[in-house]
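To keep things simple, chains are lettered A, B and C as they appear, and every chain counts its residues starting from 1.
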Amino acid sequence: MEKNYYTLTEIAQIIGATLQGDPTCKIYSLASLDKAQAGQLSFLAHSRYQLVATSRYEKFLPTTKASAVLLSPSHARDCPVNKLILDDPHQSYVKLASIFVQKHTPNVGIHPTAIVGQHCHIAKTASIGPYCVIGDHCTIGDQTQIDMHVIINDHAVIGKNGHIHSHVIIHRDVEIGESVLIHAGAVIGGEGFGMIREAEGWKRIPHLGRVLIGDHVEIGAHTTVDRGALDDTLLERGVKLDNQIQVAHGVVIGENTIIAGCVGIGGSSKIGKNCMIGGATGITDNILICDNVILTGMSQVTKSITEPGVYSSGTGILPRKVWHKSIVSLRNLRDIVKKLRKWEENKDE
Amino acid sequence: MEKNYYTLTEIAQIIGATLQGDPTCKIYSLASLDKAQAGQLSFLAHSRYQLVATSRYEKFLPTTKASAVLLSPSHARDCPVNKLILDDPHQSYVKLASIFVQKHTPNVGIHPTAIVGQHCHIAKTASIGPYCVIGDHCTIGDQTQIDMHVIINDHAVIGKNGHIHSHVIIHRDVEIGESVLIHAGAVIGGEGFGMIREAEGWKRIPHLGRVLIGDHVEIGAHTTVDRGALDDTLLERGVKLDNQIQVAHGVVIGENTIIAGCVGIGGSSKIGKNCMIGGATGITDNILICDNVILTGMSQVTKSITEPGVYSSGTGILPRKVWHKSIVSLRNLRDIVKKLRKWEENKDE
Amino acid sequence: MEKNYYTLTEIAQIIGATLQGDPTCKIYSLASLDKAQAGQLSFLAHSRYQLVATSRYEKFLPTTKASAVLLSPSHARDCPVNKLILDDPHQSYVKLASIFVQKHTPNVGIHPTAIVGQHCHIAKTASIGPYCVIGDHCTIGDQTQIDMHVIINDHAVIGKNGHIHSHVIIHRDVEIGESVLIHAGAVIGGEGFGMIREAEGWKRIPHLGRVLIGDHVEIGAHTTVDRGALDDTLLERGVKLDNQIQVAHGVVIGENTIIAGCVGIGGSSKIGKNCMIGGATGITDNILICDNVILTGMSQVTKSITEPGVYSSGTGILPRKVWHKSIVSLRNLRDIVKKLRKWEENKDE
C-alpha cells in the first residue's frame, strides 16, 4: 500500500524550507488557513501575480488549526503551530500540491465506441475515450489523452503530451503543439464572424485561415477560438486562456500572455507577449497591444496600446443613488468644462 | 382522453381569485396580453423582483383579445374582458403555468448506449439517457433524470429528484444535492485558473478542492463552475445561476442568491445570502459581498461590499458624440477638481 | 485532376476588375498583404461596415510579396505588383474566397450510430452525423447537414439547406427556417431564467413559449437562446449572432440585425431591424431598441432607445493611476456641479 502522508522533515527537504517544530508530524493533505484541521498543511502567501493584492488570509494565521504552515520569514512570528519557512511559500505550495494531487491514469488506446477516419496517425501511447469522433488525415501525438465525446475534424494535428477534455471540438486543419491542455467544451477553429453587407442582407465571408496553437498553451472550458478569414489565428507558446473567452478570427496572442475568464477579443487584434488581461475585458477589432501590458478587469479597449504598463477602465460600483447622480453629471461634463474655461478666461482678464 | 381546458370557475378556485365574467368560459392555454387570442388567459403584473420596473404590458390591456385576464384590483377597471382578480397575479400565473405546461416523462432506466463504470450506485428510478458516460464510484439518486451525452466522472454524487440536461459535464468528486437542475452544456468541477509564474512561463497550480452544490440549486446553460485550488467551491441551497456564468475556483455563493447571465466571479470571492446580481456583472478575485446586496447589470466590483443595498456601475449609453466629449472630459476630471479647489481657497481668502 | 489555380485574366473576368500586369500570372490561394507570397493574391479595403475604421494594412502595400493585389483606384499608384482594380475590393474578395475555399461534402443519410425517434420527417438528402440523437415528431429539410453529437428534441423543425454543427442542442418545439447556420455547441430553446420569489426561495416559472428562427439566420458557437415564458423568442430573417451571446426568454431580434460576440440580452427585450450591436454589450430586461441603432462595444443599455443613431458607453482605458483619480473625482461629481451652480448664482447677483 502506498504511503498517504509525508512527515514535516520530508516536506522540508522536498521544498528546501527551514522547519521550526515537530519533525515527525504527519501531513495527509493541504487546506487553507481557515479550514485546515489536524494532519493538514496550510500556507500564507501574498501572490506577486494577482492584479489585486489581498491580505484576506493573514487574519486566520493566529487561530489556524493546521498542523503546520508554510510561510515567509516575515510571518513566522505570528504562527502558533509548526512552521515551514522559506522565501516563496506560493511556489512551494504549488510543488507540494502536485505531490498530493491524485493522478488519474487513463487507459491507453482507442475506446471501441470511438470512430476514427482514414489516413490518421494516432500514437500507440495516446488515449482516445468513448464516443470520440476523429476525421480523416488527423495526427495525435505520444501520451496525448483525448477524453470523452471529443470531436476532431479532418487534417487536425495535436502534438504529444496533450490533454483534450470531454466535449471539445477541434475543427479542420487546426494545428496544436506539445503539452497543450484544452478544457471541457472549448471550440477551436470555428468559422469567424466576418460578414459583408449585400443588398439582400449580411453574407458570410469564407474563412480560409487556420488556428495555430503553440506548445504549453492552455485553453479554458467553453472558450471559443475562431479560425482566420485570410491569416491564421495564432496562440503563441505558453499562452494561458481561462474559461468562456472569445477569440475572434485572425487574432494573435503573444508568448506567455495570460487572460482571465469572459474576455472578448475582436477580429484581427494582436496582443503582445507577457501581457496579463483581467476578466471580462473587451478588446475591439484591429487593436494592437504591445508586450508587457496589464489590463485590470472589465477594461474597455477601443484603441491600440503602445506603452507597457497597467491600464484600467470603468466607474467601479457606487450606491445606486450616488451612481445615478454622478452619471447624470457625467453627461453634462462637457458643458461644465466649457463653463470653467470661460470663467477662467474672464478671470484672467 | 385528458381534458385540455379549464373553465374560469375552475381556475378561480385553483388560484383563489374573484371571477368577474362568464364562469363557463374555457381556457386552453396562456399567452401575453398583446398576443393572446380567444381561449387564452393572460395576466398583468408588476413584478416586485425585477431590477428595472416596467409598465410595458399595461398599454395592451384595453385592447387585449384574451378570453380572460388575471390582474390585481387596481387594474380591474381597465379590463375589457373576463377578469380573475387577486392580489398577486404574478405568483398565480406561475401556478397556472405549472398546470398548463406539458410534462415530458423520460423512460426510467439506463439506455443501452450509456456507459457506466464500476462500483456505481444508480437508483432504480433514475433515468440515464443515450450516450451518457459515467465513471467509477458514482452515485445517482431516486427520480433523477440524466438526459443525453452527459459525462459524469469518478466519485461524483448527484442527489434525488435532479435533472441534468444534455451535454453537461460533471468532473470527479463533485457533490450535488437534491432537486438540482443543471441546464445544457454546463461544466461543473473543471480545474480552476490558478497559475504561478515560473522562469519558463506560467505553471498550473493543481486544484485539490471540489465543487459542492446544495439542494434546489439551478445552474444555467454553458455556465462553468471551477473546483477550488485548496478549498471547495460552494453553491449553497437555493442558489440560482443563469446561462454563461463563470464561477472561478474557491468561490462561495450564499443561500438563495440569484445571478443573471454572463456574470464572471473571480477566484476565492465570497457572495452572501439573498443577493441579486444583474447580468454581465464582473466580480474580481478575493472579494467579499455581504448578504442582501443588489448589483444592477454590468456592475464592476473591485472591492468588497460590507453594507446591504443596491449598487451600480457604468456610464449608461450616450449618443456617440456626446459620449466622446464626456469621456475626454472625464480624463481631465482630476485637474478640474484641483482647479476648483484652488479657486475656492482663493475665494475664501 | 482539378485545376488548383486561376490566372489573373480569369480572376479579372470573374469579379469584373481592370487588370494592370501579367495576364498569365497564376494564383493558387489568398493571403493578407503582409503575409502573402508568390502565387497568392491579396487585397486592400477599408470596410464600410466595421465600427472602427482601420488603415492597419495600408502600410504593407509598398512591400507586399503577393503576386497580385485587389484594390480600389485610389490605392493603385502605391501597389508595386500586379493590380486588379475595382470599386469594392472587399466584396470581390468575398466572392473569390468562396471560390478558393475547399467545400467539405458530407455523406448523405443517417449515420448508423445516430438515434432517431418516432414519427420524424427527415429528408432523403439530409445528412445526420455520428452519435446524433433526434426525438419524436421532428422534421429536417432537404440538403440540411447535421454534424456530430447534435441533440434535437421532440417536435423540433429544421428547414432546408441548413447546417447544424457538432454538439448543438435544439430543445423541444423549436422551429428553424431555411438556410440557417448554427455553430458548434449552441443551445437553442432552453428554459429561460424566469423566477419568482416564494417563502422558501426562488421558484422557476414554467416556460410555455418556443424559439422561432427565420430564414438565413446564423448563430455562433456556444450562443444560448432561451425559450419564452409566455411568448416565443424570435430571431427574424437574416439575423446574425456571433459566439457566446446570451439571448434570454421572450427576446425579439429584428431582420438583418447583426450582433458581435459576448453580448447579453435580458428577458423580453426587443431589438429592431438593421441594428449593429458591438461585442460584450449588455442590454437589460424589457428594453425596446428601434430600427437602425448602432451600439459600440461594451455598451450598457439600461433604458429604451427610440432614435436611430450610434450610441456608446464606458470610460475607455486610462493608465491605472490616472483612472483611479478620475474615478474618485467622478464619485464627487455631483458635489462639484452643485458648487458650480451655487457660484454661478452668487456671481449673477
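Rule of thumb we're sticking to: a residue touches a chain if its C-beta (ideal position, glycine included) is under 8 Å from a C-beta of that chain, and two chains touch if they have at least 3 such contacts.
Model, not experiment: these values are computed from the prediction.
Participant: Rounded to the nearest 5 degrees, what is the angle of the rotation relating the C-alpha atoms of chain A to those of chain B?
Facilitator: Roughly 120 degrees of rotation.
Participant: Chain C and chain B are one sequence twice: same or different residues at the contact, by the over-half rule?
Facilitator: The interface of chain B with chain C is built from mostly unshared positions.
Participant: Where the centres are mean C-alpha positions, what is the separation of chain B from chain C, in Å?
Facilitator: 25
Participant: List, in ascending order, every residue of chain B touching at least 2 other chains.
Facilitator: 131, 149, 167, 185, 222, 244, 262, 280, 296, 314-316, 318, 330, 333, 336, 340
Participant: State the interface residues of chain A toward chain C in the complex, per the touch definition above.
Facilitator: Per the touch definition, chain A meets chain C at residues 115, 131, 133, 149, 151, 154, 167, 169, 171-172, 185, 187, 190-191, 193, 195-198, 200-208, 222, 224, 226, 229-231, 244, 246, 248, 262, 264, 266, 268, 280, 282, 284-286, 288, 295-296, 299-303, 305, 309-316, 318, 322, 325-326, 329-330, 332-333, 336, 339-340.
Participant: Give the list of chain B residues in touch with chain C in this complex.
Facilitator: 29-32, 35, 42, 47-52, 54, 56, 90-91, 93-94, 97-98, 100-101, 104, 113, 129-131, 147-149, 165-167, 181, 183-185, 216, 218, 220-222, 237-238, 240, 242-244, 255-256, 258, 260-262, 278-280, 296-298, 314-320, 323-324, 327, 330-331, 333-334, 336-337, 340, 344
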